[in-house]
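Each chain gets a letter, A, B, C, D, E and F, in the order it is written, and its residues are counted from 1.
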């Protein structure tokens, strides 16, 4: 079984600039391992910095009307329709943890319409999946559906912005055949004590 | 969270004919629980009998040149492109067990091209996925690719037959919104001792 | 012109088990010839038995709220969008006979929206065609449309079940390049006396 | 059953200009009835004249390297993928007559890849069907395939020109819901003596 | 850079019949140059005559309820979704001139939903684009939308007829790789005085 | 005609942070106007900073094996298939300027296969367009085609990275209905002296 995590060269941690090294060590401390997206994208330092700055601006945004679990749902649903293995597996893990629900990621990745989520969340994912695959088809009723479910204009930006960012992310993962870390597959599926 | 496992009425075990009851008790004994596909499809006894007879003819076929894990790969890959939650979750579990690989089902369901499987198995899934979504597009080079990877004519029938049977199965699951049992989500992901 | 009726070996009637031979002789007596689906699928006896048991459970179901002609319409419309020559030609013949209408099969196979059928039947075929090609896209309004046209929940199961079974059937026919019998092309087009 | 042959007004023969009346009487004399395309399109005389002039330039072209049956195959195959009922039924009849083959039209309309035609004719229909549905996808290998099967540059123009003309024709038939004449359904299926 | 304007032979003006030569000289006098569609299609004189007769019947029709700019919008929008370079560039120029709007053609070709046009014109282009790409999908609500925006039945014929004609035209341009004249690119973008 | 440039609030330059204001004034000085992407995205300062950092990392990368014109070709071709008006119009202008070719942007946006570009550039755009619309379909032969045309592994990252970034960018433009500045439509079409 291949242990290659990217089609492109993967840098040594020691060869990286201090700011990138710090970012990586920080996530390692928090997660217990270095997700491959960090080490594979570090091959291009400037793109790395912009990628994670963009990611954090959307996914860590304090003012957002979306919960962190809802934001991860968007990632998992749109990565599902884009058949992006890295993002489904890695963000599926994060979604399970945020939602404290070991089944939700598999449901959302395969068919969000049958997932154990609220009608409001289904409307959100309908919008996101449409923007993800056929952005030109988004019309006024799609926006109205979000408003009818209580989404504000800023919330709509968040839904669309996260979808747009992972349109980029999914394509980078496909481009370099980014491999998910083994750790992600099981995260959030069993209580920590059991693992 | 809804506990409804079908849009249609779900029969009581006691109301079922003896042969169906026996089939269900037998799987319960083996699996430790009754997969919802048994109890939901039992709503129509004659279709139930034919469904499982067909399933067993293909999936338990002794003479097949495909391993049981390979047969489940076909199920998981085609159910993935058909966005069938029940089949991805339930057969994903079976695939993990047969392949003794806790990651393979997620890989095959999301993007078989990047899964940790052999080139022969990738060719098999290319053929299956094409037959699953656009059966009319199958042409001679698709068959030749299977032969080039060592598949016999009988193996090709197996690949196509399993794909065809789960085209039916996926549509029944979508039709009645069949819900996967909770048990499937974790099966084969952790050693039995750890659960 | 090829007289090959399958890519796979076609068994001799004499080599078949008695129950399969009986089934085939019975249809021959009724139809005047042996439809190729019987002889080609007999290559795999267990699959043959399950296939026809499933077929009969749906297509001969006494309690169904769908007429036999309506059930054949579903077959012809979904086989049309799946470009399945065997099923369009063979079931087109059966539909002409049941509906006593020499034109209906060609209409339904090419464009059910312009066929000489009732609005209720058009709604039924809209549902079937969607389930046939993009099963994941079926949502609540699709079910509601059937209910609005007077379909019961059991009728909906019939519509979906027949569509699902012919999703299998169409793929088997594509897989083995099943050739329709010459007899089907003209059946039901002209009064018996004229032929 | 509706006897309406167009969504738009259908002119009286007596109200038409002499040249159009003549054209219609001429086809009536030859065919024994007036195909609905003549009477429905006569609603717009100038478009009528251009339509049939274009049709005749391609379909009656003496110098063409395609037989008349081959030209009708292109019509039937592309009308099939465009789900155009009028053209499949009407030109299916003409194809049966030209090819002296009662089955060919149904085969070509449903799945030209499995029709009883030559490899050269299959290559011709592959090209035509691609131009019909996704004209932008036609690339050099598509042209080369035609040349490899012996088509000259003028033949390629004929294949493409007929496909292009029936792209127009199919859309006019869809637009006005043009109904095929009853007569077409049976033409060419049985020897004249038997009808 | 290639100056080839067609994959097929391009005739010399002097070798053409007088009526075709006259038609070409007439457009040259009006436009200041000979659009390549005239000279490339003249390779087949009878098709040429029918093509331009059809074009003029629709695009110059006095009685039409559509303005000439609206007719060109249909051409540009449908040629856009068909990725037809010749028609987008040539008819884009004509649209700019008729609409006296230097931006409208680029807007309509890329995404008519975001163009500076009226809701009525957007409804017209929604209908046209659907007929252009998936003619079989046109159903009653599509017609009703046009009526709701004030289109008469004759107007609907015009919308559909122009779409149908350019379905042909786009395919001929793709078939022969028709090259737009350099002159079209700038026409209508700058006031004549400035050029 | 609407002068609204975004569905979302557009900030006043004076209310923006100094670094964003500086970035905007800098582009205004260079271009002579403020492209709407700057002012509309400034509504979310952190995303703004990441967006332009990412953009500049790819589009201004000194070490790239792609010329600046080639990078803009990727933007225009992928934005074309995504029907993104802002990006086609704005980056079309930049492409015309970099390539010193007033026609190239219209060609690449409508149909890159018929554009006046090199076979190497066509291969590059084939790869980019596939990644843009169906990222999961990218397989080894797609990479090999780029290598066969002389692209290095770093060049492949650039092609894919730019495609990925504009997958994000196109979706943001669709989401907020970003309007292109009037200035872009004519830029690079006529020599400066003539405007």
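Everything that follows uses one rule, which is that contacts are C-beta pairs under 8 Å (C-beta built on N, C-alpha and C of every residue); 3 or more make two chains touch, one makes a residue touch a chain.
Keep in mind it's a predicted model, so treat the numbers as computed, not measured.
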Label of the chain whose CA centroid is most distant from the centroid of chain D: A
For chain A placed onto chain B, the superposition rotation in degrees, Cα atoms, nearest 5: 180
Chain A-chain D separation of Cα centroids, rounded to whole Å: 51
Cα-centroid distance, chain D relative to chain F, in whole angstrom: 44
Rounded Å distance, chain A centre to chain F centre (Cα mean): 24
Overlap residues in chain F, where contacts from two or more other chains coincide: 83-84, 111, 136
Of chain A, residues touching chain F in the complex: 7-9, 43-44, 46-47, 49-51, 53-54, 56-58, 61, 82-84, 131-132, 135-136, 138, 143, 153, 156-157, 160-161, 163-165, 167-172, 174-176
Chain D-touching residues of chain C, taken from the complex the two chains share: 1-2, 80, 83-85, 88-89, 92, 102-103, 106-107, 109-111, 114-116, 177, 179, 182, 185-186, 189-190, 194-195
